[in-house]
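If you scroll down you'll find the structure; I have some questions about it.
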Amino acid sequence: MIFFTEAVQYLITGLLVGGVYALMSIGLALIFGVMRVMNFAQGDFLMLGMYVTYYFAAAGGVDPLLGSLLAAPLFFLVGVVVYRTLLVRLRKGRDPQREMDAQLIVTLGLSLLISNAALMTLSPTPRGLPSSYATTPFLVGPLLINQARSYAFLLAIILSVLVYAFLTRTDLGKAIRAATDDAEAAAYQGINVSRMHQVAFGIGIALAGTAGGLVATYHPITPTVGMDFIVLMFVAVVLGGLGSVFGAFLGGLLIGVVQSLTLLFFPLQLQNIAIFAVLLLTLYLKPRGLFGQRVREV
Amino acid sequence: MLRLSGLSVVYEGLQALSQVSLEIHEGEFFTIAGPNGAGKTTLLKAIAGGVGTAAGRIEYRGHDVTTTPAHLRAALGMAHVPEGRHIFPSLTVLENLEMGSYRAAARTHRPQSLAEVFALFPVLQQTRARLAGTLSGGEQQMLAIGRALMSRPELLLLDEPSQGLAPLVVEMIFEVIATIRRTRHLSILLVEQRVVEGLELCDRGAVLEIGRIVMEGDRDALLNDERIKSAYLGT
Amino acid sequence: MRRLRSLGTIALVIAATLALTLLLQERYHHRILTLVLLWATMGLAWNIISGYAGQISFGHQAFFGIGAYTTVLLILSVRLTPWAGMLVGAAAAAVAAIVIGVPTFRLGGIYFALATLAYPLIFRILMDFLGYQEVPIPLATSRPGFYMQFADPRAYDLLSLAVFAVTLLMSHWIENSRLGYSLRALKENQHVAEAMGVDTFRCKMVAYVLSAIPAALAGAIYAHAILFVVTPDAVFGIQVIVQTLVLSLVGGAGSKWGPVLGAALMVPVSETLDATIGDVLPGIHGVVYGLALILIMLFAPEGLYWRGHALLRRRHAAPGSGRRGIAAPSSPSRPVRATAVGGPLLEVAGVSVSFLGLRAVADVSFSVAPGEILGIIGPNGAGKTTLFNALNGFLASARGTVRFRGERIDGLAPNAICRRGIGRTFQVPRTFAHLSVVENVMVGAFARERHRGPARELALQALAFVGLESHADRPPVGLTTLDLRLLELSRCVATGADLILLDEPLAGLSRDGVTAILGLIGRLRAAGFTVLLIEHTIRALLQIADRLVVLDHGSLIAAGLPGDVTKNPLVIEAYLGRRWLRHVETLRT
């Protein structure tokens, strides 16, 4: 009986954490779907989002949940700038395989640049947001539900729904999906595919920044924290199926749950091994993931 | 309306079109026939902007669009129904149609255009909430044509609309094309392998063989010319 | 000649490094030298699988870490000298390479990269969990040399130099061997490589194992020379692969000199940065590395070595004769094969191929006699290329059999079918762009010759047969479509094929080009080859084909003499549409 309660507890924690994973993974999936770029730097934009929210809170007393929302338009602009200065230069229409490799390496370089520049300019001592959320949990029967994580989860779900609404109810969103499906056919309808890339990248980075703000309410903030999250995002996106935004959402939730439930059976140190096992199993057994499109043949 | 002068196109490293010149007048139905491998699809892609030209010019309504990107040509009123249909499989039928009217000039007329397309293709109205990737070949072809009509085009480019479809469906598609011809004011450029089916609808036409135009003329002159066979079978 | 010059350069580099070990005085400079050599070794190792074979691995640090941990743990547990422990580590890494490689090489591109990323992360966690968060190398008071502990830093320089030299020589050997040609071919185009007889899976596995060994050795030495305390992060961590990637990509992957150049450039830079301003600006070297990756991908994605190589080549551009020689009338040497007495060379019986629920090829049967030229025609989408893909081994036929010289070949891998004697060209010529013309053909020749010298001879012979021998040492970029097609053909001839499948060989050719290819096909027949060709231009086929087979919607609708087939009403209908015949009748009345 105790085990059952414990399991439910872990499940709920996993879901709450998974909601935020889902939000950050959606960004990665959107970028990959439209641009076929696996953005290595996604975790580092998340990290920047954490710091921005921290400064809003420390300097302006802005509630971190509000701060993460404010971060969104800021990071959208950052994404657009990064796309226009950097990524667009790589689309020279050469061999598509080499192009994907080049984009991968460039985003890796960007990740190094951002995380190390942060190391250089910010102190490596972990910071935490001074909010009351982190300390008082909700009590539901025998279950303790962390307040910060709950609000973060709620906001993450709301934002995910907004993204979903954007993609399915606005012309721009549908155009982005069309460009993901078939770029050439989209151009024939008058859709500027390059601009779709730009918008998608901007949204992807905005989601990373905002998710960072949400995570900051319960996770210590360091310049190199991006590395921890990028791997989780990769797994979520692969599990959901590369290119599927909805799949990434589910993948994020699942990863959160897997990560949490592992603690029922394994010590804390081994927590992430289950996640890597999920990655490998998915790649070997069902590389398309849950909702992905046909995997390109080797 | 459309003028090609000395168009040469290299596609995937191979010379696909050499010195192609032709003119399509406003309101005209023009068919390009010819065997496969002749370059018909490459020609339409070059006109629509999906592939670049090595030499020559493309003029549309007096503007030189030779280097204009595809999405801007669509904004000018060119609608391309590509070979193999290329509908957006993860969007619903309705969303596909909505994307057809993405260009500004068509967006304002969207509800009206939608009604017209549903009248032309009732099955699209029935399946409008389904994912386009689940439709049959014939339904996808109808969707592709409907999507193009949503843009209220001035020039409709149709690339082998009958390819890969069952004979009854082919007949239906050609009937629809004839209806479009009758009921709307637009120019149509049809690329079609089947000689009679393709030429009988047109006003004027041409035959393409190995990247060059080998015959040209108005409908009756072409249909009555048995030499077309040699373009296909070499005899 | 080029190989001797290469060996000479290797000797020069080793000698120069030896000189440096003797000349350098500061302990700190020796440390940099050791690091340059170790990272160059790691880069060379990575280059074998990711540069030559093009399978970008983000997980090579797994082998580095295995080398380090195995050596150190063996010292601690059984007091095994690291000189032996190093070799055990290398063996462990080789085993790990096989275990990781078997499931992972089925994946391609980004999936492969992500899978390789997972393994070192798993190892890192395991080492942490097993209690090996910090494993100090015990100080050996007696016999320090036995435990690879030297007071004189020069010893580590020499040790690293030894491993570096071995790896450099191994890379040189690979480049000039059959394996090297196979790897470079499969990097450019895996399907074409398979069709030319390359067993791509086996080659990838061999390359992966060969790349794991130097990585493990480098890791073992790194632990002793630099670390002294082994932590999971230091040897399995992301910075190891970042270092490897940066130096290999900046220097240039795909060549042995690229990683060497990259290491010589980047390692001193990062070490100096860390030592001088690293306190004030922690992470400065990461910033420099990040910028380096971005800049190199934007401006010289092939790497500095290749960029320099291309500039030099342009300066000394050989004024190649450019003119195509007159094709030698003599036939190229053919492998001796047991011929089935009489009977058709190829028998296709009831072959059916479907994908996505569509029957692309439906119950097709025909046979090809030795020495025949058979044309396969049919409207677009009729299944002609799919049929070739089934004959070739790229696709499996759901039903039916294919017999070549009486032996069943359906179900065999493409490289096995190639080695049995079936060669193939492609609709769009697919050459290996980074190999020279003769090297392209050698990839094919390696299907029947193990060694470079005889393979080159065979390749030159095949080039002479098609008249391209004057272009032998130039890269294929810039060749005309006709020459590219000739190149593809000579590659097939070099594999020792008896039956050649030509997929639209006339596409994109001028009238002269068509005449040239038709002439060559005639000469192929005269030399004893059998040819199966897909063509759209029937007019041209009528001049050369003995018989024609017509496909429409996946089924065979006619077969026979060209004159008969083109008059067949089913065929006419397939090409000109159902209503053409009736229409012609009404015209005549």
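Letters are used for the chains, namely A, B and C, taken in the order the chains are written, and counting of residues starts over at 1 for each.
In this section, a residue touches a chain if its C-beta (ideal position, glycine included) is under 8 Å from a C-beta of that chain, and two chains touch if they have at least 3 such contacts.
Predicted model, so just to flag it, every value in this text is computed and none were measured.
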A-C compared against B-C, more contacting pairs: A-C
Label of the chain whose CA centroid is most distant from the centroid of subunit C: B
Separation of mean Cα positions, subunit C and subunit B [Å, integer]: 41
Computed distance of Cα centres, subunit C from subunit A, in Å: 35
Residues of subunit C touching subunit B in the complex: 379-381, 428-429, 481, 484, 504, 507-510, 536-542, 566-567, 571-572, 575-580, 583-584, 587
Of subunit A, residues touching subunit B in the complex: 168, 171, 174-175, 177-178, 180-182, 184-193, 293
Residue ranges of subunit A in contact with subunit C within the complex: 38, 86, 89-90, 97-98, 100-102, 104-106, 108-120, 124, 223, 227, 231, 234, 238, 242, 267, 269-270, 272-273, 276-277, 279-280, 283-284, 287, 295-298
Contact footprint of subunit C on subunit B as seen in their complex: 12-16, 35-38, 163-164, 167, 193-198, 210, 223-224, 226, 228-230, 232-235
Of subunit C, residues touching subunit A in the complex: 56, 103-111, 113-115, 117-118, 121-122, 125-126, 128-129, 190, 238, 242, 245, 249, 281-287, 289-294, 297-298, 301
